[in-house]
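Pasting a structure below so you can have a look.
Letters A, B and C name the chains as they come in the text, with residue numbers starting at 1 for each one.
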Amino acid sequence: MAAPAQTPILLLADIDEPGLATREVYERRGGYESLRRALAMTPEQVLAELEASGLRGRGGAGFAMGKKVSFLPKGSIEKYLVCNADESEPGTFKDRELMQKTPHTLIEGIVIASYAAGAARSFIYIRGEYVLQADVLDAALVEARQAGYIGENILGSGHTLSLVVHRGAGAYICGEETGLLDSLEGKRGNPRLKPPFPANQGLYQGPTLINNVETLATAPTIIRMGGAEYAKLGTETSTGTKVVSVSGHVQRPGNYEVELGIPSREIIYGLAGGPREGRAIKCWFPGGSSSPVLTAEDLDIPYDFDSLGKAGSMLGSGAIIVVDDTTPILDVAMKTAKFYRHESCGKCTPCREGTNWTVKMLERIDAGEATPMDLEIMASVQEHIIGNCLCVLGDAMAMPIGSMIAKFREEFEAHIERARMLRGVSDVAGSDFALAAQGALQEHPDGRLAPIGAGEQAPGEHRGEPGTQKGGA
Amino acid sequence: MPRPQPNMITFSVDGREVRAPENMMLADAAKLGDVEIPVFCYEPKLGNPVGACRMCLVEVEGIPKLQTGCSTPVKDGMVVYTQTERVKIAQQSVVEFLLINHPLDCPVCDKGGECPLQDITFGWGNGISRFIEPKRHFVKPLELSPLIAIDRERCILCYRCVRFSQEISEDYQLVLLERGAHSYVATFDGHPYVAPFSGNIVELCPVGALTSRPYRFRARPWDIEGAGSVCTLCPAQCNVTLTVRDERALRVLARDHHEVDDGWLCDKGRFGYESFHVEERVTEPLLRDGGQLRPVSWERALGEAAAGLSRAGSRSAALAGGQATNEEALLLARMMREALGSPHVDSRRGGTLPLELHRALGAPALQARTSDLEFAHAVLVIAADPVNDAPILDLRLRKGIRRHGMSLAVAMPGDTSLDAGAAITARFAPGQAGAFAAALAAALRDGDGDGDGDGDGEDELRELVGLAGAEIGVVRELASLLRGPDREDDRDAAREVVILFGERLTSGPDGAAGATALLQIAQRLGLEGIEGAGLLEIPAQSNGRGLREAGFLPNGGAGLSEPPAGEGKDARAIAEALAAGELQALYLLQSEPLQDLPDAQLWERALAGAGTVVAHANFLTDALREHADVVFPAEVYAEKEGTIVHPDGRIQRLRPAIARGSGVGGAGGAPSSASEVRAGWQVICELALRLGLDLDVLGATMASRRLFEAVPFYEGLTLEEVGGRGVRWQERDAAARFPPGASVPEQAPALTAREQQPDPRELAGFRSVWDAPEVLHSPALSFLYPRRELVSG
Amino acid sequence: MTPRGWDTPADLEKDPATIPDPSEVEVPAALREEIEQHMSHYPDRRSATLPALAAAQRLHGWCSPEAIEQVASVMRLTPAYLESVASFYDMLETSPRGRHSIYVCTNISCSLCGADELYAAFAARAGEGVGEEPLNVRSFECLGACDIAPMASVDGVYIGPLTTEDVPRVLEDLRAGRDVLPEKQLARRLVADPHANSREFPEHPVHRLTLPFDPEVPPERAAFGPPMGALEEDAADPPAAIEPQPEHHEEDAS
């Protein structure tokens, strides 16, 4: 195993220990000790620890958690804490593992954060598809309430907190914090205009703290270690450890806890085993499908917020999707675009129409009805989406698609040309390029297009089957 | 909540320094500097901006991302650019995105020529389209309701219509279904969108997706002209613009007036114009001949009317209906009093109210404005059901609750559409509004309202609550809501309370008691003189307030003066006297007593007993067909010239929009040559002349001048001053000449015992505004007529 | 795809759809009780919209007009409001569907591992149905289980990685009312990170939950799958609140 042995495991430590989801086992392992310690402190002291930890949000935006808490107005007005458990970013499944296996860590984190924020009501908004995880949380919640960790005057501290596990019903956009709030209020999950920010006017118009599952689940660790100690992990601006979900064309997909700042290569190759024997990485999404793609050349970039940002992408939710060289970039673009079209709430124009238009253009490319000029239009449409939408969903399509066009322009152009050949409308019939394309086509009597240079494809077992899939959704 | 006081700041837009109220949205503030920021979804009337269409992106110095002008509050020193390359590209791209699925069927679209999408595409679009995929196509147009057609291809999903349904009218019937590019506007399971204010969505739609079915394909924007007037189909008197083509009203649009209608119209006001041009309308003078009403010349009709009235002399009486103008009322009252010597004129429906109580209730210091309903801390709606009495006020109250945290209390015998949003809903027995008001007044006297009972006060309160058939707890709760939580601690805080009451409260045997109790409530809450607080009456008739102020009361002359010919009989007494043969002639100025007044049976006998019935009418009803001897065709409001008075004292001007009686029954819209409708003031003057009285009025403006001379507190008013937006007479110096009213007694008013009350069903004579000939006779609206009960909830 | 309703006019014979008169809508008592309980959890009753619609869908199979009217009547909301919400969310069905659902994830990661073929294989057999009802096979966006790609959620139970050869077994299990493909259920899997567990742990047994009684929060049933009753554990499974028995690791408690 190439992974560094010194990687501290905080969140996933012995996560498969039988019974960890029960209070009994959790407490035996020291669970809820952090809560006791926090409640013995003042809320300001707890907040100071959270701020000192430098913990950045693990949901996607990477905003400093302590700062977020500090934005809530002080005073006696009713405040809310909402845990964003609507984990829907393609490639992300870390919160699922945490909630399912150690629900009490999340509950403990929620109580600690609510104490720091002065919130008396809290909600876990969990995506409706996570049936098992919601059931586990509900069961753990009953236990926590029976033990007095949730309810009135928690452990005699005077702090009161109610907690409701609220199940969503299938909408990616509800992972966007204001869409989530509308959904939690029983409406369509349309994002709201910001400002006002949830810290001032969130749930039921009240000040609201919204944090991701992993973020809140880290709070007990921070209280246990002390914020300053926690901040020593990771890099200066990306402190701590992070659970990274790795999936796609890797040999060992799954969740890995890493110290932020380790080379990306160590995660993809060292932990997840890299692509199948004999395959190379074509591109990878470092932070879910909303992050601009990187290529094999970028594997040595440290896996942290700032380094990935500097490389033109982002850490996002910490979900690495690896695509190997057997998959046409058009397929990746198509899946990505179709996903965002499907999930666009429809409220703002550039996102609603831009995602729709992008899919139509990609379909046209695939059908051999496009010209290289369409690539320009597609690139310009992405530019017109970025920064002009109500929320980040439009950008979440436009940035990866834009990055694919920028980084794989030649392959797109080749695809356009070959698809036109197939339709018999190419202007360059007879050219070297067209002949090469013709050759590629002959290798696939079923008429599907494979990426140039993909070469022979071994009829391997399905896990490693090169993805030449089309459409489907 | 008291109104916010704007703080003026200076900001810069495209290099111009502009003064604007702080926190005004950029899209509005830029206009003050003559800079237009294009918008689709933004409509301030709909409440907080949603920032959905992204059309209004602009650059604000210091903020890296482009900002939506609709949602960026302007601050002092802000520097805004709307013309930079970045902004231009962003705006062009939004136009391009919007046009992706918009069919370019402008040549056959009703909106073409007055379409924001067309205008903005022209002004801010790129001029070319790069979208070559097929556009979506759907069946169109489809019925959304009997009044509205929907064309889903044209929809740009701006959310305006659904926001209206959900946040303004709060009927939650019109929604978006599905999500993303598949979203579409619809109702539940194919039900029609039928609601009192549904027509507003047509006007809100920035494209041709929602169109008025009665207006579809009737005209193009270059065929029409707009004419401003005031709708007199209910007491709310909304400001309207009539769309006129060839002297025919084809459409009614809102002419936004924050102090009157807040920019909305009800469906009756919006579609009732169709009744102007239907065959059922009376367009020529009629005379009873051989038991039948037959058309005759004006000469003959006037002569016969004069003869009949002259025969009856002082044994004549007159009633004025809500659509009559102040001028008509003034002139007719003078004719009755001076030419015929009859004091028997009435415009109220519920009996005489002592003149000093009229004066006390109308005291300028005690009058609330319409907009106060929205900004008050609390509003009590008592003996009124806004959606049925003055629909547009229903929206205003909802707005107050939703946007300004106003607390609403509703006191009515039955359920109302406002109950859901009310902090308190109080109920009392039918007909016991006066007793309820007296109980509330007693509860307010009960000191701190803690319910500990102050000896006699407690007994009195219990007795009154029992008489009213109300609950004592609710009355106390209501008292403390109105008094406000901090009254004891903070006596200086002026709590703005508005009491919106229906004429029912001052009607019937307990009318005077109701009025007195109301004055006590106002006094005990200290409403007099508090800016933003006061009383607001919804009269039973559209121009009820104006008719009274013009002197059309049995016990009051012009300007609520002592009646010049002595006190006359009220409507009910007139009916009894006619039935008994004590009175002989009756003049009906746009009044149909069987429809407008209680006790239809009595009126049937009264009309049968009258020797002469002269009716100035728009439509014939069974009663008029049977009993009228002479019928003069009356003008509809779109034809009238004159003034009316809004319930809050705003004098508003009617201006003729179409030629009198034009296009009636004619399909082509050409003025009908048969039309012989004459101006109301003119008919009355000619009749008076035949009765020997020269009213000295030669034109409509002269009639208005006579009015302004006759009413002391209108003194010095001119039509120019009234203008297009009206003027509240209370806000002019002449308001000081308003006559002083009754002093408010300390003890509770005497009330009629419950057993002696008339049958409450008689009060059903208060009709919903939806139960009206304009609804019945407008082809598009007539579907509502059988549902008028449904609308009234 | 043309959404239902694009091309349909309003039926002008119908009355407007306002908040239903409670006396005119018959609501099954259990549904009413469940919705009212949900409403009691929130400061604003409207927050219970999603759980209430989910409950109605469990009862009716989909959010039919009848189901929506029942929810509207209990929640005092207009049916249009509820329909608008229901049509926004993928898991709420606004057209008739079978009660049993198979969501096949066809998002990127699963697709890279063959999910489109898997979906096609399920879809080809959807017509066979389960019992009297059709089978609701849907291609779904990322279900958050890319580690078991390609995968599917069968009545809310995650299984994977699947091959097309698993399709017949899944359908058989579903028809027989058995636990679906227990050996491939996500619930059993250990975390992938080799450093996470300091020692060997057994694979998790496939477990069901029986919640300890708590009067404050009613045991919430699986939101969209069949009711928990249908998932009641068989006798072999442990009776504890949540699996498994603690004796395995007592020695580690410190």
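The rule we apply is simple: a contact is a pair of C-beta atoms (placed from the backbone, for glycine too) under 8 Å apart; a residue touches a chain by one contact, two chains touch by 3 or more.
Keep in mind it's a predicted model, so treat the numbers as computed, not measured.
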item: Chain pair with the higher count of C-beta pairs in contact (A-B, A-C); value: A-C
item: Central chain of the complex, centres being mean CA coordinates; value: B
item: Rounded Å distance, chain B centre to chain C centre (Cα mean); value: 51
item: Intercentroid distance (Cα basis), chain C paired with chain A, Å; value: 22
item: Gap in Å, rounded to a whole number, between the CA centres of chain B and chain A; value: 55
item: Numbers and ranges of chain C residues touching at least 2 other chains; value: 84, 88
item: Multi-partner residues of chain B (at least 2 other chains); value: 176, 178-179, 182
item: Shared-contact residues (touching 2 or more other chains) in chain A; value: 171, 188, 342-343, 345
item: Touching residues on chain C, where the partner in the complex is chain B; value: 1-3, 5-12, 14-18, 65, 68, 77-81, 83-84, 87-88, 94
item: Interfacial residue positions of chain A with respect to chain B in the complex; value: 171, 188, 193, 341-350, 352-357, 360-361, 364, 377, 381, 384, 387-390
item: Partner chain C, residues of chain B touching it in the complex; value: 138-139, 142-146, 152, 166, 171-179, 182, 184, 186-195, 783, 790
item: Contact set on chain B toward chain A in their complex; value: 49-55, 57, 65-66, 68, 71, 89-90, 93-94, 96-98, 100-101, 130-131, 133, 156-157, 159, 176, 178-183
item: Interface residues, chain C side, partner chain A - complex; value: 41-51, 53-54, 84-85, 88-92, 103, 106-109, 111-117, 119-120, 139-149, 153, 156-158, 161, 163, 186-187, 190-199, 201-202, 204, 209, 211-212, 214, 216-217, 219-220, 222-225, 240-246, 248-249, 252-254
